[in-house]
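Report on the structure given below.
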Amino acid sequence: MQVNENKEFQPLIVAFCCNWCSYAGADLSGTNRLNYPSNVKIIRVPCSCRVNPMFILRAFQRGADGVILCGCHPGDCHYTSGNYFTRRRMTLLFSMLDFLGIERDRTRVEWVSAAEGAKFAATMNEFTEAVKKLGPNRRLEDLRCRKQ
Amino acid sequence: MQRIGVFVCHCGTNIAATVDVKSVAEALGHEPGVVISQDYQYMCSESGQNLVKNAIKEHNLTGVVVCSCSPRMHENTFRKAAAAAGLNPYLVEIANIREQCSWIHKDIASATEKAIILGKAAVAKVHLNAPLTAGESPVAKRALVIGGGIAGIQTALDIAEAGFEVDIVEKNPTIGGKMAQIDKTFPTLDCAACILTPKMVEASQNEKITIHSFSEVTDVKGFVGNFTVTIKKKARFVDETKCTGCGLCTEKCPMKKVPNEFNMGLDNRTAIYIPFAQAVPKVATIDPNFCMMMKTGKCGVCSKVCSVGAIDYKQEDRFIEQKYGAIVVATGFNPIKLDKYDEFAYNQCPDVVTSLELERLMNAAGPNGGTLLRPSDKTHPHKIVFVQCVGSRCDDSKGKPYCSKICCMYTAKHAMLIREKYPDTEVYVFYIDVRTPGKNFDEFYRRAVEQYNVHYIKGMVGKVTPRSDGKIDVQASDLLANEQLHIDADMVVLAAAIEPDKTARPLATMLTTQMDTNDFFTEAHPKLRPVESATAGIFLSGACQGPKDIPETVAQASAAAAKAIGLLVKDSITCNPCVAHSDELMCNGCSSCEKVCPYGAITYIDKEFKMPDRTIAVRRVASVNPAVCQGCGACTVACPSGAMDLNGFSNNQIMAEVDAICK
Amino acid sequence: MNKNLKEQVLRSSGVDVLKCMRCGKCSGTCPSYDEMEYHPHQFVYMVERGDIETLMNSKSIYKCLTCFACVDRCPRNVEPAKIVEAVRLAAIRQQGNNHMNPNQIPEMLDDDLPQQAIVTAFRKYIK
Amino acid sequence: MQEAMINRAKQLLADGAVNRVIGWKRGEFAYDITPAVFETAEELEKEFVYDDFTAANVSKYLVKESKKEGKILAFLKPCDTYSFNQLTKEHRVVRENVYIVGIPGGPKLDAEKIKAKGITGILGVKNENYTLKIDTVYGEEIMPFYEAILDKCATCKSKKHVVYDELMGEEGDVLDSNRFDMVEKLENMTAQERFDFWRDQLSKCIRCNACRNVCPACTCEKCVFDNPNSGVENKAPADSFEENMFHIIRAFHVAGRCTDCGECSRVCPQNIPLHLLNRKFIKDINSLYGEYQAGEDTTSRAPLNDYKQDDCEASIVHERGVE
């Protein structure tokens, strides 16, 4: 990442958060001043089921080191069933990425409710640590997109 | 050519203390298409909004990015401001640099850098925003109230008063809820039945109100203004339309050993029963678990004595479907089970009771006809110990982490009533804190101490041991005297914590509303929208949202009713324009999108297309009903060709954000 | 107030004294209450205040039976018994000498003394 | 077989039951058999071919053909019927406009495997007791029949026709195939080994789009990768797009819809085992969400358009197999 180029490796994390639960959970962790690394960048989507596998691959291609998808807990989806579809899609996609030899810790799905600000921060800290251990994403990166 | 304005908010020091707002504005000013980039103290203030409005007019902006607090906070504010200045409100994007940046990071350099990146992502997205116009959808002029306690009754009465049809769904045979079980109410000590039962009757007689007692909501479909709800009318084996509530059947029923839930199991009822004298509807119900006729096929006494022929042993559950514009949840609370608190001997000793049981023991319609007697030997207790906070404010697995709010007051009430009626009785109250915020509440508690000589002891009971002589040894600490006490009590009353009703969780799932970790419904905003859920058209009334006493419950019930009425008076509501739409030229008509749509918003039509070779081809293509679509986006991913896309969160927009963040 | 001592007690006990809501249930439940100069809830509060030396010099630290009733019943999961144990440990460590010496044992033995009491005594008095 | 098929086709044309026939004809070489539409008995007599090289799945052609005027006769092998059913389910073909004659399937031959033996100038083949007699411009050559069959036929999943109007020859059964063996073998490698394997394979991709164009599940009116408005348009193999996006998304788009007909690998000029990606999805779906065979029927819900409340969490990927 760009901030501490000379210091230790800081992974770039893209977090897709559903508007109703996880984005609100992220807001709550802000309201409660719970820290997590600034390399985590959140993209708001209406529901986790809006996240197309293409977005995830695109993020990796452009240099993200980890992608995490957050949605309402199963059964609590604002749209009733969106996260159930997400769960199947992401299970299969992550399994495929694993099959292609991509480090499995670079991807994750986590259910974070609007009340779980603490969980959101903890999840982001944990995930960042896990990705940090893996080092920079090289396997899915498009080298031409690399920053100079 | 895009002309984008960027507005960076300081939010006082909330943002400006950790994010260098000037450099954010400076950096975003260099982004492609950005023609003006400014920072300001409070962008959401009137002068801040004017700044945005003026810039839109002055620079003829085609898009606006506000770097400020969460879009959940002020997206609407800025959209309205843009609309007022003549810019389509959906050309506004918010970069969340407060909740997701300044509040979580301490280092100014990295927080500023992140704020710039978030701003860039918003700019990249706004480049691709399209002006959207909201459609309208009609509102069904009928409300559903789930739960028939005082909250539900009050809400229903208020909505009916405004002239709208209301249905109350109550799972028990009668409405009335917990308040019907309560003896007196604090801080005025008037009798609960005297103020509740007239309201119950009013509800039953109001022609706008339909009461579905002994019923449950089993399915909810649709969305604000257009809910379709399935209600299960459980078989009560008595024809509601015929039963006159004369009660002869309940007198004659030979099965008289059924624990009476209305009296907290402190006495018995018959297998066919009317919960209490003022029940509404006053209709008998057969409990099939105990009815001899239902279990063995031999008896039928009730059927024989019923002069109107209302008994129907073959009755089955019925399902009715109804359309509603608004739904009010009023599912209420229950005291927690005390099985896990061995130290209070609740399961070992009948003279250790919960406060709600004490209400019944003291109630004129209760098991002892209003005389306070020990359940074990029916003698008059001379020393009564009250224990506060049993299961409330607990950080362990046994109890609840929150304060149950009502216990301090009702314990003072109980103590006072006992001292009033039986001046020879000594009353001890063990408290951790006495919490009496409320009009005339502290005065009430002080009266218990000063006028009625109730012994309030700061400390907690550690152990309750029933003794062989019938007394109960209460071991407790007196923190102010710094000593350990042993009281030989005749009765111990536990102020059990309250929890949301168990039906609330599955209901929340059906309604797609959020709950907190304690299963209380979450309000849309803790301060500004306390009676609305985050799901449009679903309102919250009473203790389902959090512990509440009666005055508060009634106030909130009326507030929820006002919100529901505000919705029902509209003939139509503005829809969310961020809905899916399908590009017919690319649509395969494969039905994948239809399969994942939770609202049935997608249908297929056969459409003629002019082909390049001038022939006409008919193809099956998807068509989205924008009034029904809620904009989740499930279809967009199910669609392999990318024909299905979502307004406001299009593939290109999200991809642009990804690119901006990863650059 | 001795900050290092407080740190040490908090660390070795693993207890978060700030969770205490001062209900006194620990003292209400304590079977050794009358033997003690300072009671379980006071232990928690005094550790929070950093007043640890007073506790260390009190006989109360040896009166706790380690029955864990307070731990079991504390509504806030504060675990007062662990605090008492930690203070006791601090006292012993600081004094640097053991309260009991193996040589003393033979003369202490009598038929009525359960062996487990000696084991417990060693655990308590020797560190 | 070929003779019987031509006769039946002529009969149906003469009856007016159909006005066209989709079958195959010979291309440049003997092993180069491609789908073709015939409208007259003469055309059938002259060009219709059905031999051991006839492997192409014609069901995808019916997407367009079934929308034309009149009824078309289609000869479908067992594996093709699965594809056809799947297309019916997705409303891509008009079932009423197709008269399906089920014909026995493979195993079919892979010309590449014959060439790999150094046999060139192939003019024709004959299977005599599982010895392949190959007639070449240089004379006759011999090789064991089973060494020349297509990979997809070696792991055949079913000899049963799941849809037909009439059947020629004997009906077969769903087979117990070992089609997931290779997927399993890969799963048991380390992540690095898997990565190396797939980089080695996928980097060969020249983006000829043959896999996409032959795939009966890839029937989009316009592919996202061809659409300049999709944001992921990419038409030439200029970077690692194929490895990192194209093949992953293509496999994902057909997940739960792919019938495992194996055409993608058959037509790949670079011999990339693309069917393994699809099979990985099929294997995962079978093990995580219950056995599912796309195309087996026309009513069941595709696994990705369905869910159960107690489905496994995505973290299951982290918990199983080899890191």
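Letters A, B, C and D mark the chains as written, and numbering starts fresh at 1 in each.
By definition in this document, a contact is a pair of C-beta atoms (placed from the backbone, for glycine too) under 8 Å apart; a residue touches a chain by one contact, two chains touch by 3 or more.
It should be emphasised that the depicted structure is a prediction, and the values quoted were computed from it without experimental measurement.
Enquirer: Please indicate which chain is farthest from subunit A, where distance is taken between mean Cα coordinates of the chains.
Expert: C
Enquirer: Weigh A-D against A-B on C-beta contact pairs and write down the one with more.
Expert: Between A-D and A-B, the larger count of C-beta pairs in contact belongs to A-B.
Enquirer: Could you tell me the distance, in whole angstrom, between the mean C-alpha positions of subunit A and subunit D?
Expert: Subunit A and subunit D have C-alpha centres separated by 36 Å.
Enquirer: Distance-wise, how many Å sit between the C-alpha centres of subunit A and subunit B, to the nearest whole number?
Expert: Those two chain centres are 30 Å apart.
Enquirer: Compute the distance, rounded to whole Å, between the mean C-alpha positions of subunit B and subunit C.
Expert: 46
Enquirer: Where the centres are mean C-alpha positions, what is the separation of subunit A from subunit C, in Å?
Expert: Spacing between the chain centres: roughly 47 Å.
Enquirer: Among the residues of subunit D, which are close enough to touch at least two other chains?
Expert: In subunit D, residues 224, 232, 304-306 touch at least two other chains, as defined above.
Enquirer: Would you mind listing the residues of subunit B that make contact with two or more other chains?
Expert: 596, 638, 651, 655
Enquirer: Using the touch definition from the top, which residues of subunit C touch two or more other chains?
Expert: Expected reply: no residues.
Enquirer: Taking all chains into account, which pairs touch?
Expert: Applying the touch rule to all chain pairs gives A-B, A-D, B-C, B-D.
Enquirer: How about subunit D: which of its residues touch subunit B in the complex?
Expert: Touch list, subunit D to subunit B: 67, 90-92, 219-224, 227, 229-232, 253-254, 301-302, 304-306.
Enquirer: Hey, which residues of subunit A end up touching subunit B in the complex?
Expert: It comes out as residues 2-3, 12, 14, 19-21, 23-24, 26-31, 33-36, 38, 41-47, 49-55, 58-59, 62-64, 72, 75-82, 85, 89, 113-116, 121, 145, 147.
Enquirer: Which of the residues in subunit C end up touching subunit B in this complex?
Expert: 19, 21-30, 33-34, 39, 41-42, 69, 73-77
Enquirer: List the residues on subunit D that touch subunit A in their complex, please.
Expert: 183, 186-187, 191-199, 224, 232, 239-241, 244-245, 248-249, 251-252, 255, 277, 280-281, 284-285, 288-289, 303-309, 311-318, 321, 323
Enquirer: Any idea which subunit B residues touch subunit A in the complex?
Expert: Residues of subunit B touching subunit A: 70-72, 96, 98-101, 103-107, 109-111, 113-114, 117-118, 121, 508-509, 512, 514-517, 522, 534-535, 578, 596, 598, 630-634, 636-638, 646, 649, 651, 654-655, 657-659, 661-663.
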